[in-house]
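Take a look at the structures below.
Look for subunit A in each of the two complexes below; its partner is subunit B in the first and subunit C in the second.
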Partner chain A sequence: MEIKISEITKKFGKKQILNGVSLTIEPNRIYGLLGRNGAGKSTLLNIITDRIFANDGTVTIDGVSTHEHDELLGKIYLMSEVNLYQKRVRLQELFKASKIMYGGFDETYAKHLCEAFELNPKLRFGQLSTGYRTIFKLIIALCLPVDYVFLDEPILGLDANHRELFYKELLDTYSSHPRTFVISTHMIEEIANMIEHVFVLENGKILVDDDVDHMLSQAYVITGPGETVDQYTEGLNIIGTESLGNLKGNYVFGSLNDDREIPDTVQISRMDLQKLFIHLTSGGGTGK
Partner chain B sequence: MQFDFSGQEPIYLQVANQIEEGIFTGAFKEETQVPSTTEMSREFHINPATVLKGMNILVTEKLVEKRRGLGMFVKKGAYQLILEKRQSAFFEDYVKKIVSEAKNLKLSEVELIKLIQRGFKTNGD
Partner chain C sequence: MKTKSVFKNKLKHSLKGVGYTYLLTLVVMFVLPVVFTFLFTGSLKGVSLHNLLQNNLLPFISVLFLFISSYRIYGPFKFYIQNGISRRTVWKATIGVVSLCSLLMSLINYGYYYMVVVPNAGNVDNTFYNQLFGQFLGFHSFWNVPAQIFYEWLLLWSFAVIGTFFGSLSALFKRRTRLIIWLTVLIGIVVVIRFLMQFHTAMNLDWTEDVIKFLVGYTKTDGEGLWNPFHPIGVMMVAIFVGTGINYWLQQHLILKNQ
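On to the complex of A and B.
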């Protein structure tokens, strides 16, 4: 049971937000959906969960379109920045309402999470701070019996301790009860090792659709004296460059030409996901 | 355990190396359990599939084994295997580097041998 997104196109007025986005989301994996502000991440998530409609393209689960298909949409949950809850309602009532809507809710786990995050379920939604609103929405997302959980900026307003706790709980519930999580966030460093596969969205198109390990295995930083570095990296896919006097670092994405000898003065090292993302999306290179 | 998240070495290799180091230093004794995939995943915010990939390297190298329903255990003889593996890699991993750096520093072979002898005498001080 996989979600297949094919050739999704979305325009708001004359502005093209998504331009032929296709990707497949498999069961029981953790994905990262990365992109700069305005890349179209939230729009894509809203289309996948049928909150807004695409101009073109389809979202299907096992070949069946999810559009207005309540049963299939019941397997998907999107936690987003939008607050859909009435301010005067108590959290415990909102838990109950979610249970009715989705036909289930892990109350034991919700209780555990409320205690871990020190959230009193007797409070009303309107009484919560930004951080605690996020926590409340996360609890709902983790306790619903859905197969696909989409988290759009799930750590908005969370302090370092709460973020740490959230990552632990996410991996814990994922291990004990595997399902798919798609995390869209700007905090790339913090989730880099939790995600197995990454989608990078840039200007409404998919720039990268790859396993994190594989993606990083093709990312290199070549440092050394400027001329030597340029000579060695000539013809390679250079996505960024840094220099300090005559010391130069070229960021390369793609295979190195292994036949060539590496000059003594040149050093080859690796980069992390965040660095790679920054260089890929800063308009400096051709991407791939 | 301490992981380097800067991207210099893939995380699954680090998982394998760290557990191997744990076995070598005796932190994980033979016939005892190593931390579970879930535990490591949770503690270090690493995807369970990545931890498993690292664990599988150790299974292939016959350092750990899966005991059905119980988890991963250090195999008997694992310490000896690691010792032999590291001994045979010692020339590639260390000696070549030392010699190359000695050459950079214009130290002669005789001087290098003297330094090594001094290292043995002072026990590394």
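On to the complex of A and C.
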């Protein structure tokens, strides 16, 4: 059972937000949805969950459109930055209502998470700080019996301790009860070790749709004297450059053409996901 | 399946609202007059249960409750959308709940009026319906009972649809835009009324009078209560149908805002 997004296009007024986005989200995997501010990540997540409607294109689960389809929408939960819970209602009542709407809710686990995050379920939603509103929504996201959990900025307002706790709980619940998580965040370093596959959105289009390991296996930093580095990387897909005096570092994404001899003064090292993302989305090269 | 869950959840909250509204109304009808009498006269001499039981605010309060609770559609709407419910399902469940609550309130109001108010008011039956339409089906006709309940049901339901319409329309805009629109509409209404008051003599408005007479079931007669109730009943049914359709369209265009 996979979610297939085909040729999604969305405009707000004259502004094109998404332009022919196509991707597939498979069961039981952890995805990262990355993109700069305004790239269209939240819009895409809202379209997938039928909260807003695309101008063109389709979202299907096993070939059936999710549009106005309660059963399919009931398999998806989107935790978004937007607060859609009523402020005057108590958290424990919201847990109960979510249980009714989704046909299930792991109350034992919710209790454990409330204790771990020190969240009092007797409080009203409106009484919570930004961080605790995020925590509340994360608890719901982790306790619902859905197949797909979309987390849009899941660490908004969370301190370092709560972020660590959230990552731990996410991995624990994923290993005990595998399902798909799609995490959209700017804190790439923090989720880099967790995600298996990454989508990078840039200017409303998918720039990268690849497994993280495969992607990083093609991402290199070539450092050394400027001239030698430039000679060695000539013809390669250079996505970024940094210089310090005579030393230069070229960021390369793609095959290195390993048959060539590596000059003694040149060093080749791996790039991390955050650096790769920064260089891919700063207009320095191509992701494909 | 989901429609049933949403319906039950919405109904639970609406019934709670109906209960609190009636409770509050009874407090207003019975307690406030006693308190005010005591405050202003220093005694409770002028107060009697017999007089208090002649008060009837229930139909007015029902209209108010249904209008306001339907106007506040956006809160529940966004909650259901957050919980994986489609807009169409929320709309369908809302129709069910609103129609049921209107019917329930119509029945309660009818029962309260004929079991409490009328016996204490010397059996004088002067409901709005009876004054306008009470003789049309025959004064003692059994059919006046369902017709009156049905008439009030549709009337309440119509106000709920109007409330939903304005609530949905409001939710389309941001707070500031909403305020500007409402102010513009109010000023526009005042200007139109002022215009009509000044120039109506020079205009031929006979057709509007005819249309209004038709809509309310006016019949040219000297007797009281002989207007045709089926005209307004038909008009309200059409209005509910069309209004509910417009509300569906509006709700399809609602944007989920962080407010």
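Keep in mind that, in the parts below, the second predicted complex is superposed on the first by the 288 of 288 C-alpha atoms of A that agree within 3 Å, B and C clash if a C-alpha of one lies under 4 Å from a C-alpha of the other, contacts with A are read in each partner's own complex, and residues count from 1 in each chain.
Just so it is clear, a residue touches a chain if its C-beta (ideal position, glycine included) is under 8 Å from a C-beta of that chain, and two chains touch if they have at least 3 such contacts.
This is a predicted model, so every value here is computed, not measured.
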item: Subunit B versus subunit C as contact partner of A:F277, first or second or both or neither; value: neither
item: Contacts of A:F166 with subunit B and subunit C, given as first, second, both or neither; value: neither
item: Which of subunit B and subunit C A:I52 touches, first, second, both or neither; value: second
item: Touching partner for A:F199 - first (subunit B), second (subunit C), both, neither; value: neither
item: Partner chain(s) touched by A:Y220 [first = subunit B, second = subunit C, both, neither]; value: neither
item: Which superposed partner A:F150 touches (first subunit B, second subunit C, both, neither); value: neither
item: Subunit B versus subunit C as contact partner of A:F253, first or second or both or neither; value: neither
item: Subunit B and subunit C footprints on subunit A, overlapping residues; value: none
item: Of all residues in subunit A, those that touch subunit B in their complex; value: 29-30, 167-168, 171-172, 174-176, 189-196, 213, 216-217, 219, 269-273, 275-276
item: Contacting residues of subunit A [partner subunit C, same complex]; value: 46, 49-53, 67-71, 73-78, 81-86, 97-98, 100-103, 146
item: Complex interface listing, subunit B residues touching subunit A; value: 3, 5-12, 37-38, 41-50, 53
item: Contact footprint of subunit A on subunit C as seen in their complex; value: 1-3, 5-6, 8-9, 75-76, 78-89, 252, 255-258
